[in-house]
Structure formats: C-alpha cells, structure tokens
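Here come two complexes built around chain A, the first alongside chain B, the second alongside chain C.
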Partner chain A sequence: MKARLTLVLGGLAVAIAQMSCAQDEQMLLPKTVEAGSAFSIQSTGSGKATLYIVGLGQVLKRDVQLGETAFFPAESLISAGHYLVVLAGTSSTQNGSFDVLPTGKPANLSFLAKPSRLPVGLRGGITGAVYVFDDYRNLIAAPAQVSFELSNPTGPVQKRLVMTRNGAAWTVMDSTAQQGIDKFVARVDDVYSTRVVAQVPGDPCGLKMNAQQSGQQVRLVTDPVRDCSGNAIPDGTVVTFTEKYNGVQSTVDEPLKNGIAEVEMSAHTGATFSVASGIVMGNQIRWEK
Partner chain B sequence: MLKSLLILATFIAASSVVAPAQASVRVESANLQGPRSLPEETGRAAIRDYLQSWQSLSAAFDQNRASLLDPEFVGIARDKLTETIQQQTALGIRTHYTDSAHDIQIVFFSPEGLSIELLDTVEYDVQVIDRNRVKTTQHVRAKYLIIVTPAELRWRVRVFQAEPE
Partner chain C sequence: MNNGRLFAALLGTVTVALVAIGTVWPAPSASAYSGAGSMLRSSSTPEAAVENLGDEIRGQAWEKAYASLANKAQFTEPEFVKDLTGNYPSLLTYTTLDKFEVRPLHASTDEAELELKLHWATVVGLSVSTRDLHVVRNGDRWEPEWPIVRESKVPPQVIPVNYLRWDVIYRGSGDDWGSQDVEAPHVRIVDMHPVDRAEGVVILGELLNEDVVPAYVSVSATLLSKSQSPIATEGSFDKIDHLLLPKQVTPFLIQFHNVALADVGSIRMTPLSALIPASADPVIEIGSEELHPAPGASLTGQLINQSGQIVNVAHVLGTFYDKSGQVIWVADQYVDQALSPQTPVPFEIHIPQDLARSVSSQRTVVATYSFGGSQ
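The block that comes next holds the complex of A and B.
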C-alpha cells in the first residue's frame, strides 16, 4: 500500500514538474505578420525540437534549437490566413498561433463589368464590381478607395468613388447618348483594370417610309433609320414591310443597307402599307393611285 | 430568408448524422451590399455548396490528395490549397481538419450575379500528423472570408481566406 502511494505521488510530482517546465518554455510569437515579411519565433529551453507552422495557405517545418530564435526571411509566408505554431521537443510540445495579413498595397483588381454591349441611353445599364488583391493574391479586406470611370471619346466622363467593404466594391453607370466604344476603368491607387463596353444604337425612333410608283409596283423606301439619340441603326437590322389588301396580308423583311431599307410591292389601289422594325412601328400609307 | 436558411442549417445538421463531421450551422440574416437582392434559393445553394467544400478540404488535407478539391474549389482558392497540400507531401505532414461550428453571413452579391461573398466564423479542430505521429490537436476559432462563383451545377469557392477576428 505504501509502495503504491509512493508511486502515485512520484508520478504526480513528475507530471507537475513537466507542466511547470512546459509553462516555462514559452514561444515568443508575433501576433500578426504581413504577407511576405520576415519574422522570427523565439523559443526557450534547451535541446532540439521541430517547429511546425501550419495553415491552409502554407505549411512550414524546421528543425530548431530550443532557446534560440528561428528567423524566417522575407517571403517565407505569403498566403494570408490563420497559422498554428507547434514546437515539438523531445519532452514537451508548445502551441501557439498567429495571423498572416495581406499587404496593404493593392496589386491586382478582379474587375467584372457587365454587359459588354448595350444600347445607348440606358439608365443604370452598366455595372462594375471589383475585388482588390495584393501581390500574393490575398484579398485585401481593409477598406480601400476604388475609382470607377466610364468614358467615351466624345462625351463627359462618369466617375464614382467607392470604398471597399470586405475587399469588394461595386457601382452602377448609365450608358451614354452616343454610340461607340467606352472605356470602363476601375482604379485603386496606381493599379487599374480596364474593360471595354460597346454602346450600340437603341431601338429605331420615328421610323418613316415614303411610297412611289415604280412601273406596276410600289416602291417603299425608309428615311435613314436612327435611334432617339440620332445614332444610325446598323446595317443588317431587319425592317418589315407589310401590305394589306382585300383581307390579304403580304410581308417582306429587308435588312438595312446604307442606313435605309427599300422594297417593291404590288400596287393595289386601296392597299395599306406599314413599316416596322422589331417592336417599333413606323408610319402607314394608303395607296390610292 | 433567415427562416429558410435556418431550416437549411437544421437540414445540414440532420444530414450530418451520416457525414464524418457534425458541424452546427448558424446563418445570420444577410447584410448585403450591392444593387441586387439575393434570391432565397441562390443564397441557400451558395451556403450549402460552401459547407460541402469543408468536407472536400478535410479529405484532401488528410489524404494529401489535391484532386479532391476540384469539385468544390476553383481559381485562387484551389491554387493555394493545392500548393499547401504539395508542401505537406514534401514535408511528410498530414493535417486533419474537422469543422464543428459555422456562423455564416452573406455580405455581398455582385451586381452581375456572378459572385457571392460570405463571412464565416468557423470553429474547427486541426490535428497535425508528422510521419503518422500526431504532433498536436488544436481547437481553432477563426473568421473566414469566402467568395463563391457559379459553375455548371454548383457554387465553387474561389477565395478562401482567414482574417483576424
């Protein structure tokens, strides 16, 4: 009985001694490290140990001498995240952790602009969203000011300043009145990303045709087809001519050529001709000759 | 929306009976920035797919098989996780991640609908195994910033990064 009690007390004493030893052996860790920066970890005690730095973004392992400082040169840890530090010696293991933070300097913008092509004069028609990354592809969550600029060669520049939240910023822009190729630029400090947005004419506006006799036919010719801002509707856009006579309807689709569409249809006195393009209706003409 | 997302959390907790990890999931009401409202179904799908990605991550890091990441991760996240697994392999290390709790909030739905950003305060255990010897097991609580983007059939994790709480 006495021998067993001695054994238990002896074991307890060893355990307490190990615990106090473990408490004495403390690592000095940085709380945070900027990605790509040099850092060091200082240990206490004596003997050899293995140092592990473990995260989802990187893993390091190094043999160290307890009581010395382990230096990690620049770019040892470049991936932002939470890292565990394990110092495994022969008799004890010490644990700790620290965070690797993105560098404060933006280096890359992930810029999504939509759409790449849209009609002129559309309010809120263009959207842009940006995520800001550092040189090591870490998302910079700290607020940064993003400048969005939409410009075309002739019109005024639209500009918005937006602060990022959790690394993201967005904006909405109007398409301008003039057709053409616009540059949509997102900029943070001296880093920028450019997208091209093609602004095309809108729907035809004030579609009008004229009719004249052409032998036994009627020749129907539109005026130059334009949108409401005066931009020419592109060649190839289909214009539909319709003739109604005695309950019979005839339709001809004609693409725009050189900005106009023309067609010849049967000349029936009392016939009605109409013109349309897509959902836009033009004028009607009643043929009386 | 919160109600249905909490139902999702219950569903995930219930379905985890057959899964290796039994993470509890809490979904906070969305605190969205962006001009678009987030359809309820879309939010549910993004969170469901993100939570599944932890299963892939755990298996990939435990087995040092980066290919297990492919269905759930893409872009930067996949590149970085793959590199880490390669480092583990080279060093003879394995890590076992077991997520136990998630507290998720959707914070951004991009205007064109092609990305969703989540914040997740995750609790998980990490076991570090060096040449089949467990070196430590630690409980971690960390805030993660996640960006998911749509693929053919699911949302995939494109950015996966821990931030200081």
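The block that comes next holds the complex of A and C.
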C-alpha cells in the first residue's frame, strides 16, 4: 500500500513538473462533490493520459482517453476535504481542484457525557457534547439541531435543544433529587446515541444514633442513614463511632449494612459517644447508666 | 600498558592472598555465620548471657537460644520461636534481627534484671521491641529466663461475614459507551497545611472519598517558587491509607527535604483516585487511644480485629490536631504482629516533642493487609 502510494505520488510529482508544457488540453471539474456520490471529469484533446485525484485521506489514479468523460462510481471519494486533480498527458499536464463535502444527512453521533456517576441535586453537574458525522464519518459542519434528553425512571425529563456550531453542540444538565440510573440521549433527526448517568445519594443528612446497654457493652445503632433528599445511603459507606472517656478515646470505622451501622463499645459511665460519616457529624450521646 | 598489566597482576595476587588469609584465619563473626564455630562469649556475667541470647536470635539459632534459657521447661521451642516471629505470617515473619541492645536494670549476686531491646529489620523499616529479662546464676554460668508472651488462641469457630465487596467491570471493546468508562471515584482534599520543619517542608492534610465506591488514593504535591517555577514534586508514599471506602477520610503527609517554606510561593496538590475492587471487611476497632505528653510524647492504643479474617499487617496512621482543629502532624506505625480475631494488639505512635504540647485531639485510622486475602 505504501509502495503504491509512493509510486502514485512520484508520478504526480513528475506530472507537476510537466505543468510548464503547452496546455492544449482542458479539464472540466465539478466544484464540489458530495461524499460517496458518483461524479465525472470531462477532458478535451486526444491521446492517452493519466488522471490523479489526491486528497488528505484518499488518492485515485485512472488511465483516461483524452476527449472522453471519466466516470467515477458512488463511494469513489468518501473523505471530505479539498482534492487536487492532475491530468498528465504525453505532451502536457493540466491541474485543478474540487471539494468533497460531507453528506447533509447525519448518520453517526459521537456523544461524550460526563460524569457517568454523580451525587443527586447537583446543579450543572452533567455535561453532554455531541459531534455530528455522516455515513462516512465526515464531520457535518452545517448547523443541525441536537436534542438532549436526560430521563430518570421516576422524575421529569430534562430536555435541551441546541444548534451545532462547526459540527459540535453541548449542554449542561442538573442531577435530579432522586437516585437512580438516568438515560442521557442525544438526538439529531432520527439518529441518536444513549449514555447512562448514575445518580447516587449525596452526603448523609441528619445522622442519628441510639445507644442501649448490651451486657457489659453499649450497643450503638444508627437510624437508617439517608441523604438530604431522602435517598438511602448505600451499604459499605463508612460510619465512624467514637467513644471518649477520661481522656481515652476508642474509634470504630463501621460500614453501613442494610442501611444502618451498629457497633458495640465499652460502657463507661460519663463516656461520650459521637457518630460521623465523612465530614458530616451526627449526634452525641453521654452515657450515664 | 605494562604498568596496567603489572597493576592487574598485583591486584589479583593481593585478592588471592586475602581470600587465603580469610579462609585459614576467619573472623569470629564470619565463622559463626558459616556454622563452623560460635562467636559467643562465656556466660560468666548476666550481660554476657543476654548478649549471647541476642546473638543466637540474630543468627536464628533457635535451638541454641532455647537451650540457653533457664525457664525452658515452661514452654516448648516452637512456642519460643512463635513468640519472636509470630503465630501467623506478619512483618516479623519476614524479618531479621538487625541489632540488639542490653541494658542492666538491677543485679544481685544470684539474680539480675536486664532490658533487651531488639531492633528488627522489616520490609517497612526498623521495628523495635523490648523485653525485660530475669537472669539467674546457675553455678558459674548465668542463664536468662525468657518472658514468654503467648498469643491468645482463637477457639475453632465459624464467623459469618456478610460485609459488602465491590468488584469493577470495565467497558469492553464492543460496548456502546463511546469513550465513557466507569467513573473514577470522586475524592477531595478537605484539609491541607504546609509546615516548616528542620528537615524541610512538610505538607499535612486529609483526603475524603466522597463517592459511593471504594477508591485507591494517593496524593502528590508540587512546590512552586514565587516566580511559579516548580521546585520539587513529592508523593505521600506510605504516609496515607491508600484504600478508602465510601466517606472514609485518610490523613496524608508529604515531605520535601532541604526546602524552606519561605522559598515557596504556592503549592499544587494533585489527588489521584482509581477504582479498585475492595471489601468492607475486616473492621478494626481502635480502642483505648491515649495521648501521652512530652517527654516521650506518644499516642498509644490497641487494635481489635472484629472480623474472622486474620490481618497480617496493620498500618496505623494518627492525625493530630491543635485546639482550633487544624492538622499539626501525621505519624504512623506498622504493627509487627498479625491481628487475630478479637485479640487486642497494642500500638504506639511517637509524636515530635516540639509539637506534643500543641496536640489537643487526634484521629486514628488503620490500613490492613491480608496475605492472599481480599485486599
């Protein structure tokens, strides 16, 4: 492949070197070609020549009869961009250029949604960016309307309509108050792409524990731990119990199990028990039994 | 050229001569280590008897060490060895005695008390343990009595464990997730405080896992000069608990040697977090934590493994706060013995003397490692 490309480019260099020769032949080129569509190039004169079409992503070489029309079937050129055309005859060389444009119809979306997991109730916490491509993965620079929809199984749908600029559109959404797996959909015409955004509970809110005697120990049990929107904090979240008594401290980092955390600590009259999770403090209990 | 050859020949001759001398008249220590002899001195004094015992422990000559004890009838040789190296695999299992110190405490004609300080070279640095030995005269010899500490044995039982475990499934090549993958855990530095110490700049702080998934974390810092050019970058290395469960907080300490805080214009902190499979088990209770004032300021306490799994290595990290609640120091200690279920194991973290008076409160966390376990 590389050798062929070198050969073609070498031939092209030779052809360009011949450009100073007499130009008694002419070439009729289209101004633009839609990616993937058929097109033709008309030449004048007589004899044999070689036609080169060179772009950033593609190179075509065709032996042509001068004075005839060279037909290129559909999907001959699929990469959008500016193409250089060189017609190298035996006695002269002509050159020209044309543009291959993306098809107008969106066929693929590149959808970047961030983050895939975030706490509930976060304003502007979710961003979505879309790049619109045609069937041949050419970026469609023409403006197109993109619809962004963020839907929660239980809550209302957030919807934004954004026009693309230079092939891209982006938006910002809020995370809802309800935890769950949200679907984030970007749609252009009948083409869409879906991402999943997990909304997880925020920090614990109103953390509260109760204490009761359990033999020689004190059994400390939290109420079901929830965030400020009422979502249950997931199991495994660490709750820290601390006992302070006469300048001596004991600590247990206990993960939530079935929504609550419980631990047994030494029972000392006058001891103070406190509970916390992350940077959130809960209540304190002074043990007087 | 000729000089070079002459020099090479001279070097070769000297080497052969030294090898021959070393073989024919070996140094006592080399002879002892090769098993050909002993470098032990006569146990004619209490100090010599304990020094001999120390040498035998250093050479892992368990049989000889056990045989030299006056109270060997009270325990077996395997119990003696386990007292020194642990019942379960731990830091001490893979260590050697680097050196020891003997200090007389009390002596009479037939009895003596000596302190034997053992400096173990572990994979995480020196670990020092101290035993007070009673030494008794037996004829013209002195024999130490080993103060055996038997680890309490956990009775055979089944302990049900139903804590959470997190596994991670990353996106596959065929998945329609674009460039998305499972989001890295969200962590936040909740406190950061640079201090100027004699050895350089130290950055202290605390890191919170504010996510609902466990995180592997580390923190690095870059010191920038007043012209905003980088001076140095360092990481927290092991002065941090690398595994954070949801809503767990770890202290961190980053040390920059030979840098003065006056030369620092600003500091760029870079917390790193990555998803990691983890288990909420084992749960370790940190009990009887007590701050001891200077001199010899320290935080002591005990670790109690509340789970059924044996913890082979425990790393205790203490965060020390002043009256206003600001972090003023972070210190740590590796516990050199394994944590058996429900068995208290003591720890002691030393606090710099100059900071001890400012310490008003503390918070302790434990990182645990189990060989072949889930973490």
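Some points to look at:
Simple rule for what comes next: the second predicted complex is superposed on the first by the 265 of 289 C-alpha atoms of A that agree within 3 Å, B and C clash if a C-alpha of one lies under 4 Å from a C-alpha of the other, contacts with A are read in each partner's own complex, and residues count from 1 in each chain.
The rule is short, and it goes like this: a residue touches a chain if its C-beta (ideal position, glycine included) is under 8 Å from a C-beta of that chain, and two chains touch if they have at least 3 such contacts.
Please read these numbers as outputs of a predicted model, since none were measured by experiment.
Under the clash rule set out above, the superposition-derived model of chain A with chain B and chain C shows the two partners fitting side by side. Of the two partner chains, chain B is the only one that A:165 touches; chain C does not reach it.
In the superposed model, A:112 makes contact with both chain B and chain C.
By the document's definition of touching, of the two partners only chain B reaches A:86; chain C does not. When the two complexes are overlaid on their common chain A, residue A:57 makes contact with chain B while staying clear of chain C.
Applying the stated contact rule after C-alpha superposition, one finds that A:235 touches chain C and leaves chain B untouched.
Looking at the shared chain after the overlay, A:204 reaches chain C, while chain B stays out of its contact range. Between chain B and chain C the least C-alpha distance in the superposed model amounts to 9 Å. Shared interface residues of chain A (contacting chain B in one complex, chain C in the other): 112, 114. The touching residues of chain C, when paired with chain A in their complex, are 162-164, 166, 176-183, 186, 190, 208-214, 245-249, 280, 283-291, 301, 306, 362-365.
If you check the complex, the residues on chain B that touch chain A are 33-35, 57, 61, 76, 79-81, 83-84, 87-88, 91, 93, 95, 97, 107-108, 110-112, 114-115, 117, 119, 126, 128, 130, 135-136, 138, 140, 142, 145, 147, 159-164. Listed in rising order, the residues of chain A touching chain B in the complex are 32, 50, 52, 54-61, 79-82, 84, 86, 88, 93, 95, 97, 99, 101, 112, 114, 124, 127-129, 131, 133, 137-139, 141, 165-168, 170, 172. Chain A contributes residues 110-119, 193-195, 198, 200-201, 203-204, 234-239, 247-255, 257, 263, 265-266, 277-280 to its touches with chain C in the complex.
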